[in-house]
Amino acid sequence: MKLSARNVLPGKVVAVTKGATTAHVKVELSSGVTILSSITNEAVDELALKVGDSVSAVVKSSDVMIGK
Amino acid sequence: MKLSARNVLPGKVVAVTKGATTAHVKVELSSGVTILSSITNEAVDELALKVGDSVSAVVKSSDVMIGK
Amino acid sequence: MKLSARNVLPGKVVAVTKGATTAHVKVELSSGVTILSSITNEAVDELALKVGDSVSAVVKSSDVMIGK
Amino acid sequence: MKLSARNVLPGKVVAVTKGATTAHVKVELSSGVTILSSITNEAVDELALKVGDSVSAVVKSSDVMIGK
Amino acid sequence: MKLSARNVLPGKVVAVTKGATTAHVKVELSSGVTILSSITNEAVDELALKVGDSVSAVVKSSDVMIGK
Amino acid sequence: MKLSARNVLPGKVVAVTKGATTAHVKVELSSGVTILSSITNEAVDELALKVGDSVSAVVKSSDVMIGK
């Protein structure tokens, strides 16, 4: 499936923290910048996310602000 | 002002396209990856955004999905 | 690529309206319910979206409210 | 109150899971498709959400992506 | 319909600007603060939004950041 | 850093509730209206958010709906 989301940033999972319902997944991009993603525990389980996985951080353009 | 948003990605503006009400701003990160941001024309004007500007793409963690 | 987004609703494109920068895509689900998606013109072009296409409407759980 | 949100999908609550601060509510649409919503525990309490309730899943158009 | 969204800010419409597909609606709260909402032209038409209308700006908690 | 987000509502923190991964921060605006923000525990720690702090609730225009 190809997505309309314009931002797909490849990286590696460096941390997975499951909460009661919501998990935090940290992804390190090749540039060294770290992205934090807040998703459901259910998604972490279904994708079997773990440290070292090659993944992409995906963001819809309308969710990106600009700071200057 | 310090923001709660966890994702602040520094880069350079490589394109600004204003529409009728909504503008698209492309930001190239140091890694060469390009981020597309969809914001209001009003914000483009107020921040005086133009090609070459040093900016940050800012994203709240709850707006980041993971693809694997 | 498998996505963390929990909501993937299969349907058919029944309308594509491009604006200056932002496009509206209407998707009819098998149940007859229609979903409206607001995405970039660029995404419409890259996915070559047109009436009759089989697609999925994709929504992150944190973007779903409940009305009662 | 009438809402600007274009997507209002009627269904029945099939699961409510409260976390520490964030709850997950599963809604089954008439088509059999299941929608997951991530909302505050506070909202679950105020709407007194429970299995069997007739509700709607509500989504703003700018939060809907297209996959093809 | 009662909504799970925690933030409902009452005010008056002070401007409606329709674009090609996306409209901007400005709402002045009783405190004098102005809120900008970006919604579909379709929603503006369906709600018949015009200057002077009493409306509410509605925001899901997961879309609110904190700046300090 | 100046932000593209059009909505910056000044107020005072009246409650901070940390969950397992996600925190809820309540901000009272000068008008007496209360805003609920759902952010990461990590952000609460980094901004050292506590009751009484002067902060702003920040919302992107595309995340604001209108109810009438």
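As written, the chains take the letters A, B, C, D, E and F, and residue 1 is the first residue of each chain.
Keep in mind that, in the parts below, a residue touches a chain if its C-beta (ideal position, glycine included) is under 8 Å from a C-beta of that chain, and two chains touch if they have at least 3 such contacts.
What you are looking at is a predicted structure, and each value in this text was computed from that prediction instead of being measured.
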**Prompt:** Which of the two pairs, B-E or C-D, is linked by more C-beta contacts?
**Reply:** C-D
**Prompt:** Could you state the distance in Å from the CA-based centre of subunit B to that of subunit C?
**Reply:** 23
**Request:** Just give me the whole-number Å value for how far the CA centre of subunit D lies from that of subunit E.
**Result:** 21
**Complete:** For the pair subunit B and subunit D, the C-alpha centroid-to-centroid distance in angstrom is 30
**Asked** Got the subunit E residues that touch at least 2 other chains?
**Response** 1-6, 19-20, 22, 24, 36-40, 42-43, 47, 56, 58, 60-63, 65-68
**Complete:** Full set of chain pairs in contact is A-B, A-C, A-D, A-F, B-C, B-E, B-F, C-D, C-E, D-E, D-F, E-F
**Complex interface listing, subunit A residues touching subunit B** = 3, 5-9, 24-25, 27, 29-31, 33, 35-39, 43, 47, 49, 53-68
**Asked** Which residues of subunit C touch subunit E in their complex?
**Response** 17-24, 36, 38, 62-63, 65-68
**Request:** Mind listing the subunit F positions that touch subunit A in their complex?
**Result:** 1-5, 19-22, 40, 42, 60, 62
**Prompt:** subunit E touches which residues of subunit D in the complex?
**Reply:** 1-6, 37-40, 42-44, 46-47, 56, 58, 60-62
